[in-house]
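This is the structure I want to talk about, given as structure tokens.
A, B, C and D label the chains in the order they appear, each numbered from 1.
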Amino acid sequence: MSGAISFLDANLAIDLALLAMLVVLAAAIAMTRKLLAAILLMGVYSLVSAVWLVVMDAPDVAFTEAVVGAGVSTIVLLGAILLTRAEAEKTGWGRLIAPALIAVATGALLVYAALDLPSFGDPTSPANAYVGRTYLEVASRDTGAANVVTAVLASYRGFDTLGETTVIFAAGVGVALALGFGERAAPASRLMAGATGDHNVVLRVAAKLLIPIIALFAFYVQFHGDLGPGGGFQAGVILAVAVILHALVFGLRETMTAVKPSFARGVAALGVLLYSGIGVVCIVNGGGFLDYGHLFTAEIEAQIPPGLLGDPGATHHWGQHFGIFFIELGVLFTVAATMVTIFYGFAGRSPGGEAKL
Amino acid sequence: MTDALPLVGGGLAIAGVLLVLLGAIGVLRFPDVYTRIHAASITDTGGASLMILGLCLIAGLSPITLKLVIAWAFIMVTCPAAAHALANAAFSSGHSPWIGSFRIMRESDEQAAVQTGPQTGPQTGPKKPGPKKPGLQKQ
Amino acid sequence: MSFLLDHLNYVAVVVLMMGGLFIVFSSGNLIKRMVGLAIFQTSTGLFYISLAKVSGGTAPIMINAASKEGQALAAELDLAYVAAHGLDGVVYSNPLPHVLILTAIVVGVSTLAVGLAIAVRLREAYGTLEADEIAALDRETPKSTGAGP
Amino acid sequence: MISFETLYAAPLELIKHAPVLLVAGPLMGACAAALAPNSRWAWMISVAASIFAAWMALCVAGEVARKGVVDYAIGGFAPPLGIAFRIDWLSAMMGLLISFISVLAALYSGHALRAEVREEKHGLFQAGFLLCQAGLLGVVSTGDAFNAFVFLEVASIGTYALVALGADRDRRALPAAFNYLIMGTIGATFFVIGVGFLYAATGTLNMADIATRLVTLSDSRAVLAGFAFIVVGLGLKAAMFPLHGWLPNAYAYAPSLIAVFLSATATKAAIYLLARFLFTVFDPGSGFAHLFLVWVLAPLGAIAAIVCSLQAVFEPELRRMLAFSSVAQVGYILLGLSIASLGGMSAGLMHLTAHSLMKAALFMALGGVAILLRARTLADFAGAGRDAPWTMAAFAIAAASLMGLPLTFGFLTKFRLIEAALSANQIWIVAVIAASSLLALIYVGRMLEALFFRTPAPGAARAAEAPLGVLVPLWILAGVSVWFGVDASLPEGLANSGALALLGARP
């Protein structure tokens, strides 16, 4: 057991060092008045917290935080400050008192309560000993997925994930309502289109090389999700990043002819429909909503060749396998399409145009 | 022999980390955009390569090594391209190097003024100093 | 001392939450407010993940000792530990908070996107992103615009 | 008890799955609306999905009438492993209320969108509306604390952007929407922190399970903090008195459909969740929850009822007046809940219903007078009562209910509140309600005076009668307000059962 203890101490040291870095970053963001610096620091903040999450044994969350916080959030934030004033107004010291009081009061309550929690890393704490432990014991058996996080996400708490997919869809709807679909996109500027294109030849070649690889990686993450970290959400963001990279290098107009805004909107809606449709199919076949055990009727299930996923000897939960597969596909559709829609909305908003009032 | 490999790998990884640290110091200490990009990109690529090589040695022959090699190939494409994009953006927004501006730059400045003049909207703020995210500026 | 060390992790996460909340309320710039909000939400996630950590645990991805992947994963683990406990005795961290925070991160980025979209519209309508200037512009608007055509 | 079994007819299979279809229906409708080829289709999908949800809500209420509590485990996993819906009379009542208002709002949306929103955005607008509806229905049905957060956010995220769409008429909608977003998100995040502490203390997320495990943990500091964060978070979402700053502008400048829908449902769902946590998860009979009810919730409710009514009295803009009155009415509801007796809670829930009906009618009438879309202040609306008699008559009925005139639902609910306060020996609540009603008399009087007895300024735009698509839902709302004022057996039965469910659900 002594080996495990020293292992823990090294972990704790890394853990606290990373948290200290996060505190410094948060302070830097609070103090800087340069918006660009604040945004880039926030990207760094997300990246460092992703590293911290890996130390905390949460690779799935780390993956998501990295693609979302350091990737999409930063892009969207940069899109929002295009050509605005780069500096925030200085806030007077007097104006900082009330916020500081609120923050300190909240923090004091949190610390007061947190000191009452079981020790950090305690395996017998209620949080770790009750439902969480049960998942570890039964999830693989129930669903056949090695990654318990995927099993819980897609199966036990699949309804939460449906809600999460819906939230993303709602965000896409919201951004499209507020900013449109990028129909006001300026014609590709000459710099990008190639009038002085020799400046960007390196970027174009690199992008041509990278975009297929990124898309391929997205599908790897998608279909590897029940074995390792990853899943529909991460894959969707990565797929969207491939499209966004294309737009950054080749111009928005060019990308919009390849991936039409109406197409993106349709796919986003179809993803949620696919997810909830799976739930309804389970009902029609006699189970409850999202009860993948009833995804297939007995006749269909009997026709699935036992060696479909290799390993013919092992028992399979075909309903769970395919249920998770299909809903992750729905998540992928919605997330990728919505991220593209959001990007179109921001990038297509020409900064000169005044809103019609 | 097999015991030595992880040790060598660890040493290489630590060397890589130190290289990246050097790069970070360089970014803070160097005088202008171009030299800073130089410091950051070279050490990043080199440091990451060393680290990945070290990790490969630790992992031995396994799927992990394959993944590491793929990640390395990815870094070898993206890091230089990103550095190029940064330098390009700095160049096209008229940052002159610390040692003084080049003649070609002054010419292209005039050209750019002619070309992009009418496109600049009324809200175009003053040019921001420091490196910019490439591309986004241009839509 | 040990008590403090046991809870230092929570305290640090709480400090991060306070930082996020402070940025939201203290900055007049709308973009910075959104950045603060994102930090606040991320830090809340960190709090949940702190709860899920089990000492000496590993990521909650079941290791099948017989499979090729299981052996590859075994290579990643502390060798002495695997020798002592076998792969089946591996301690896993709690997966449930991970699932919750995956959802919360997604909710966070959705909020960020919608908030920034509104901010972009605000900038177009008011020409500024400073809360004070927007409030001043609103005060200048006459109270009644009338219902004229 | 009202027999709901007679009110619906559906195949048995459908009834079995009605709890989840109640949420999934509008959700899938939202996707369909986003794909709709044109505005007309989007509107029809929206109406169809809302009617389907209302039908399912009736089925659920029927099941609750038969069984008492309906449990539905999603994915076939029993709680605490899986997420489960747990629908008692209170949830059923809220589901009926939200889906009924949604149907009327969807009917109204056909006209409202044509007048206020650009044609190409109608599909997405309807999608956002249906998503909000699905989210609110999810909040009131779910038995899982974290799932409630997810659905709160489903309901909120779309509405932030929908409120911002009011900018096509008045740019002040944008700062209002932004503020709403910041405050709403902080509220949701506080809620998540609170749920996190409860999870740390109990290890589970299922509300009923948390409640059983909290019995032995009443003095835990983590639980106390969880309680505080949940209350503040939901207080922000419900516009509880000092946390209501976002509400007046958000309601005043939003497109009228959103004002109708949000004022009638969004804060109510948050109040429902607050009551659910206060009474079902925490034990209101002892410890800090009791102290909170007596020393925080009741005074805050009273202050809201007085202060926000005063603000409404001095407010020149009509829609902001109504919004301030909303915060004051939330104060009434919280006062009712804080009495924590069967009568008090039942009165609070009845007032919640009454307020939903009348606020929806008031905002709908204002939105319906199409030509006045740019009108804001009382002066702008001068004489509208004579130009649009039908629309404004419905407005007057709803306003009378807001004031609490006899023969309206609002009178009855205030009467029940006073009764409950008297039987709990809390005379001061009676005084607060009386004072606040007096203020309501003044501000509603100002509105009606301007609408009916003032002549419009020469040359000002005149109101026109609202089209039939507005008048029908509007008069249904007004009619229901009067019907319940005369014969309140339906809402009273529901509210009594709901209050019983809240009080009796303790393990």
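Throughout what follows, contacts are C-beta pairs under 8 Å (C-beta built on N, C-alpha and C of every residue); 3 or more make two chains touch, one makes a residue touch a chain.
Values in this document were obtained by computation on a predicted structure and should not be read as measured data.
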Relative to chain D, chain with the most remote C-alpha centre: B
Pair sharing more residue contacts (C-beta pairs) when C-D is set against A-B: C-D
Centroid spacing, where centroids are CA-atom means, of chain B and chain C in whole angstrom: 28
Chain B-chain D separation of Cα centroids, rounded to whole Å: 53
Distance between the centres, which are taken as Cα means, of chain B and chain A, whole angstrom: 26
Residue numbers of chain D (touch at least two other chains): 146, 150, 153, 157, 160-161, 164, 167, 171, 193, 199-200, 205
Sequence positions of chain C contacting 2 or more other chains: 17, 21, 24, 51, 69, 96-97, 100, 103, 107, 110-111, 114, 117-119, 121, 125
Residues of chain B touching at least two other chains: 123
Residue numbers on chain D that touch chain A, as the complex places them: 13, 17, 20-21, 24, 27-28, 30-32, 34-35, 72-77, 80-83, 121, 124-125, 127-128, 131, 134-135, 138, 144, 146-147, 150-151, 153-154, 157-158, 160-162, 164-165, 167-168, 171, 193, 197, 199-205, 213, 220-222, 224-226, 228-229
Chain D to chain C touching residues, read off their complex: 146, 149-150, 153, 157, 160-161, 164, 167, 171-172, 174-175, 177-178, 181-182, 185-186, 188-189, 192-193, 196, 199-200, 205, 316-317, 371-372, 374-377, 379-380, 459-461
Chain D partner contacts - residues on chain C that touch it in the complex: 17, 21, 24, 30, 33, 37, 40-41, 44, 47-48, 51, 96-97, 100, 103-104, 107, 110-111, 114-115, 117-119, 121-122, 125-126, 131, 134-135, 138, 141, 143-149
Chain C-touching residues of chain A, taken from the complex the two chains share: 3-5, 7-8, 12, 15-16, 19-20, 22-23, 26-27, 29-30, 35, 38-39, 42, 45-46, 49, 52-53, 56-61, 64-65, 68-69, 72-73, 76-77, 79-81, 84-85, 88-89, 91, 95-96, 98-100, 102-104, 106-107, 110-111, 114-115, 117, 119-123, 125, 127-128, 131-133, 135-136, 139-140, 146-149, 152-153, 157, 160-161, 163-164, 167-168, 170-171, 174-175, 178-179, 227-229, 233, 342, 345-346, 349, 353-355, 357
Of all residues in chain A, those that touch chain B in their complex: 36, 75, 78-79, 82-86, 185-186, 189-192, 195-196, 199-200, 202-203, 206-207, 209-210, 213, 247-249, 251-252, 347-348, 350-352
